[in-house]
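Structures follow.
Two complexes follow with chain A in common, the first pairing it with chain B and the second with chain C.
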Partner chain A sequence: MMELVCPAGTPAALRAAVEAGAHAVYCGFADETNARNFPGLNFSREEMAEGVAHAHARGAKVLVAINTFPRAGAEPVWHRAIADAERAGVDAVILADVGLLAHAAEAHPGLRLHLSVQAAAANPDVINLYASAFGVRRVVLPRVLTVEEIAAINREIDVETEVFVFGGLCVMAEGRCSLSSYVTGQSPNMNGVCSPASHVAYSEEGPDLVSRLGGFTIHRTPKGAPAPYPTLCKGCFTSEDQTGHIFEDPVSLDASHLVPRLARAGVSALKIEGRQRSRAYVAQVVRAFRAAVEAEAAGKPIPESALARLTEGQAATSGAYAKTWR
Partner chain B sequence: MDLTVGPNFFFWDAAAVRQFYRSLANAPVARVVLGEVICSKRLPFWQDEIPQAVETLVAAGKQVAITSLALITLRRERRQTADLAGMGLPVEVNDLSALAHVPEGTPFWVGPLVNVYNEGSLRWLARRGATRVCLPPELPLASVTVLAQAGQELGIAVEAWGHGKLPLAISGRCYHARLHDRAKDNCQFVCGEDPDGRDVETLDGQKFLAVNGVQTLSQSTASMAWQVEPLRDAGVTALRLSPETGDFAALCASYSDRIAGRLSAADLSARLQSGGRRLSDGFLTGAAGMEWSGNRV
Partner chain C sequence: MTDAALPHVPRMLAVAMRPLPLLPLSVALGAVARRMTRSHPTMLRRLGDHGGRRFLIDPVDLPFVFLLVPSRSTVTACRRDRLPVHDARLAGPLSAFLAMLHGAEDGDALFFSRDLTIEGDTSAVLALRNAIDNAELDLSAELSAAGGRFGGLIRQALAQAERATGLALHRMDDFGEPL
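Up next is the complex of A and B:
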């Protein structure tokens, strides 16, 4: 059965995900070492150890994301996170930075290393390089590949692959985007945040609700209509005579119907995005996907009904998995 | 401190490429990186210009390197990348995948599209044979200072972004094709219509970004006009100038004059702004990348 890797932004979400059937949860420490460095989110050292004990007692794994790029002169902060994760007994750490990977391989030879999506390793050559240089055992693939390309990659590598199947969707190659820091000074790579709420401003102007990020207008929606969060790359912009969502519509990823094809492509693990989501949401999504991977493993059709509810009322895409997206 | 001309991000026809590299032969730059960095589909249209351009530049005393693509996914792109290592020039790695094809110990350069944020990354790259690194433009001056010093200890020359629209993101999706309602595989090379990228404004008409095929750039031109001294003090040994249309050799000369103290920061800025272009340098010392320190003086 494909492993279901589920988000845990809080200890409560971790327990909810495990109870709902997560094979593994991923989480981070409450600091700049992980790519969901949001206020009120993530784990203290004690909570991590408790979370690991809770998950292990129920047969689930804990993977810790330490996937921002360490700040020059402050690498010990990231090194401590790896040491503390190992001490807490986690099953793997998820890293993106080559300097950090080199450190982990050298200082923590017994610790299992996963390559974060933030490393955007998009072909067999670079995946094999990460495997031989650092002993990386699993690669989370960037959201720029089709299912066929993922299958081709799996034929040429010896390490496991994990792919995103549900939740927020980066349009750009992950870890290679500084749009957010251009506008707000804060980026996923350096600070673990994208389009931070601290830089969002809403204002009512005539018939419109306008949302701005760092002073730039991202959306203009009629008052009363649903106003999407002003994530930079999903805004409505103008280029010459065209106005629209030039990069991507305000959609999220739903690849649930691709579960059988991803299994045939040799994917080892399916990842659900959303460490910032509520535990109720996490539980619901995890339950639906657990049913899907169970059905797939048993050779049965994917139960549509469970997943339909999740995307109701919001636009979804299968993203780069279909070639036409490009 | 000297000047490096980076690879051209945009899709220019063969004649424009030829003219561009010819004009650089007499420009006051120490080195030039050329090759296709954004889209492998463009290369057949101008790759025959590369040998002549290399010959001209080498004869003019420039160091020359050949860049990898920024995002390598297709089999064809992997083959192209493997071929770079056999060209007899240093490869500038702009996707770590290229490293898989550079024999260990062979000297190579690292471009601004590779994430080098800390000493550990620099150390690992030095062990693999890196001799020159252009840092990601996103880095603040404090990081640049630490890395330039680490570079000196490791024998790596550290470059910083000097001039040009900022390379902010790379994607699997082609925005030029999308703007023309075409699939990437049937793009008909529409990015060639915009030799400096296609501008993107907000709904309120704010100048914002520029798209260039699968790449997203700032619409502002980043310029280190006011940052030459801080960067030199930090230990940065070269500024990278990113190709654009217009008299680029003259632009190189302006930066050369600025470095040599023959042109002031204010005069260089004024010269750059004369065509109405917006400048930025906020990644280095500002609160956000789009800011311009020229506004503070």
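Up next is the complex of A and C:
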């Protein structure tokens, strides 16, 4: 059966994920070392150790995302995070930075290393380099590949692959997007936040919900229409006489119907996005995908899920897995 | 979590609630808030500096709003025509707040569907949402415990109220002791 890797932004969400059937839970410390550095979110060192014990007692793994790129001169913050994760007994750390991978491989040889989606490793050559140079055991593939391209990659590598099957989508190459930086000075890559809440303002102006990021109006949602996240890539802009989503429509990924094809493509693990979401989201999505991977393993049809209400834009897409464009 | 629309407090009931004295309500809600803060100390830790913010909780189907200051464990009921100074406002039907409190609904999903609106200090709102979600609160359990020897009766009455109104009045995902 493919491994189901589920998000947890809080200890309560971790418990909800394990209870709902997660094989593994990924989470991060409450600081800039992970790409979901949001207010009120993430784990203290003590909570991480307790979370690992809770998950292990129920047969689930814990993977810790330390997947931002260290600031020059502040490397000890990231090094401490890796050491503390290992001390907490985690099953793997998810890293993106080459320097951090080299440090982990040298200073923590017993720690299993996964390559974060933030590394944007999208071809066999670079994946094999990460495997041979640092001993990376699993790669989280960027959300820009078709199922056929994933199958082709898997034929040329010896490490496991993990792919996203549900949740928010980035239109850009992960780990390379600086859109948020242009208007807020902060990015997911360096600070762990895309469109930081401190720079977001909502206001009701007549029937419209107006979203501003760093003082710029990026979305004006009419009454009754679903509201998107306040990210530039999902913004709705006017250019000359046309108004529309320049980069990407506000929709979310749902690849549940592709689970059998992803299994045949050699994928080892399926990942659910959403460490910033509540335990209610985690429980419902994990239950649906646990049923999907069990059905796939038993050769049965994938059960229909009703997850659209949870998604940004209240609509789902197969993303690049079934790419019809170049 | 279901695809069904969130229940709203019937308009007639909301009108009937208008003359209610707000001071006793504020005192009672403050007592519940203090009890929850004591029994869930991680809430304030998770809120950090945002704990001192003034959150205006606006159940749009009630005739009054609530000013929450987590660090002081105070909840003050206020008339709509005399809104207090606040740092952030969260507006939605009462059922949305109760469902989020009890792990039955996802805050982002309620925002996407426009059932929940936020204004003001977005960071503080996110911190509050995450702190409450992690606390795994249970209003029925708290009120029953506060009711002493009447706890059983209170729990039964709340269960009946939950069935009659569709409001989430107890924790929906209880699977044991918190971490």
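The rule is simple: the second predicted complex is superposed on the first by the 299 of 326 C-alpha atoms of A that agree within 3 Å, B and C clash if a C-alpha of one lies under 4 Å from a C-alpha of the other, contacts with A are read in each partner's own complex, and residues count from 1 in each chain.
Keep in mind that, in the parts below, a residue touches a chain if its C-beta (ideal position, glycine included) is under 8 Å from a C-beta of that chain, and two chains touch if they have at least 3 such contacts.
The shown structure was predicted, so the numbers you read here are calculated from the model rather than taken from an experiment.
Of the two partner chains, neither chain B nor chain C is touched by A:106. Shared-chain residue A:243: touches chain B; no touch with chain C. Comparing chain C and chain B on the residues of chain A they touch gives the larger count to B. In the superposed model, A:178 makes contact with chain B only, not with chain C. Of the two partner chains placed around the shared chain by superposition, chain C is the only one that A:202 touches, whereas chain B remains out of contact. Legend: residue contacts after superposition of the two complexes on their common chain; A:218 is shown touching chain B, with no touch to chain C.
Across the two superposed structures, the residue set of chain A contacted by chain B and also by chain C is empty. Here chain A touches chain C in the complex through residues 9-16, 19, 38-41, 47, 50-51, 54, 196-198, 200-204, 209, 221, 223-228, 276-281, 283-284, 306, 309-314, going by the rule given at the top. Those residues of chain B lying in contact with chain A across their complex are 70-73, 75, 77-78, 81, 95-97, 99-101, 113, 115, 117-125, 136-139, 142-143, 146-147, 150, 166, 168-175, 177-179, 183-185, 198-206, 208-209, 211, 216, 218, 282-283, 286-290. Touching chain A in their complex are the following residues of chain C: 1, 3, 46-48, 50, 100, 103-109, 111-114, 117-119, 122-131, 133-136, 172-173, 175-176, 178-179. Residue ranges on chain A touching chain B, taken from their complex, read 69-75, 96-100, 102-103, 120-126, 128-129, 142-145, 149, 152, 171-173, 175-179, 181-185, 187, 189-190, 214-218, 220, 233, 235-240, 242-243, 246-248, 320, 323-326.
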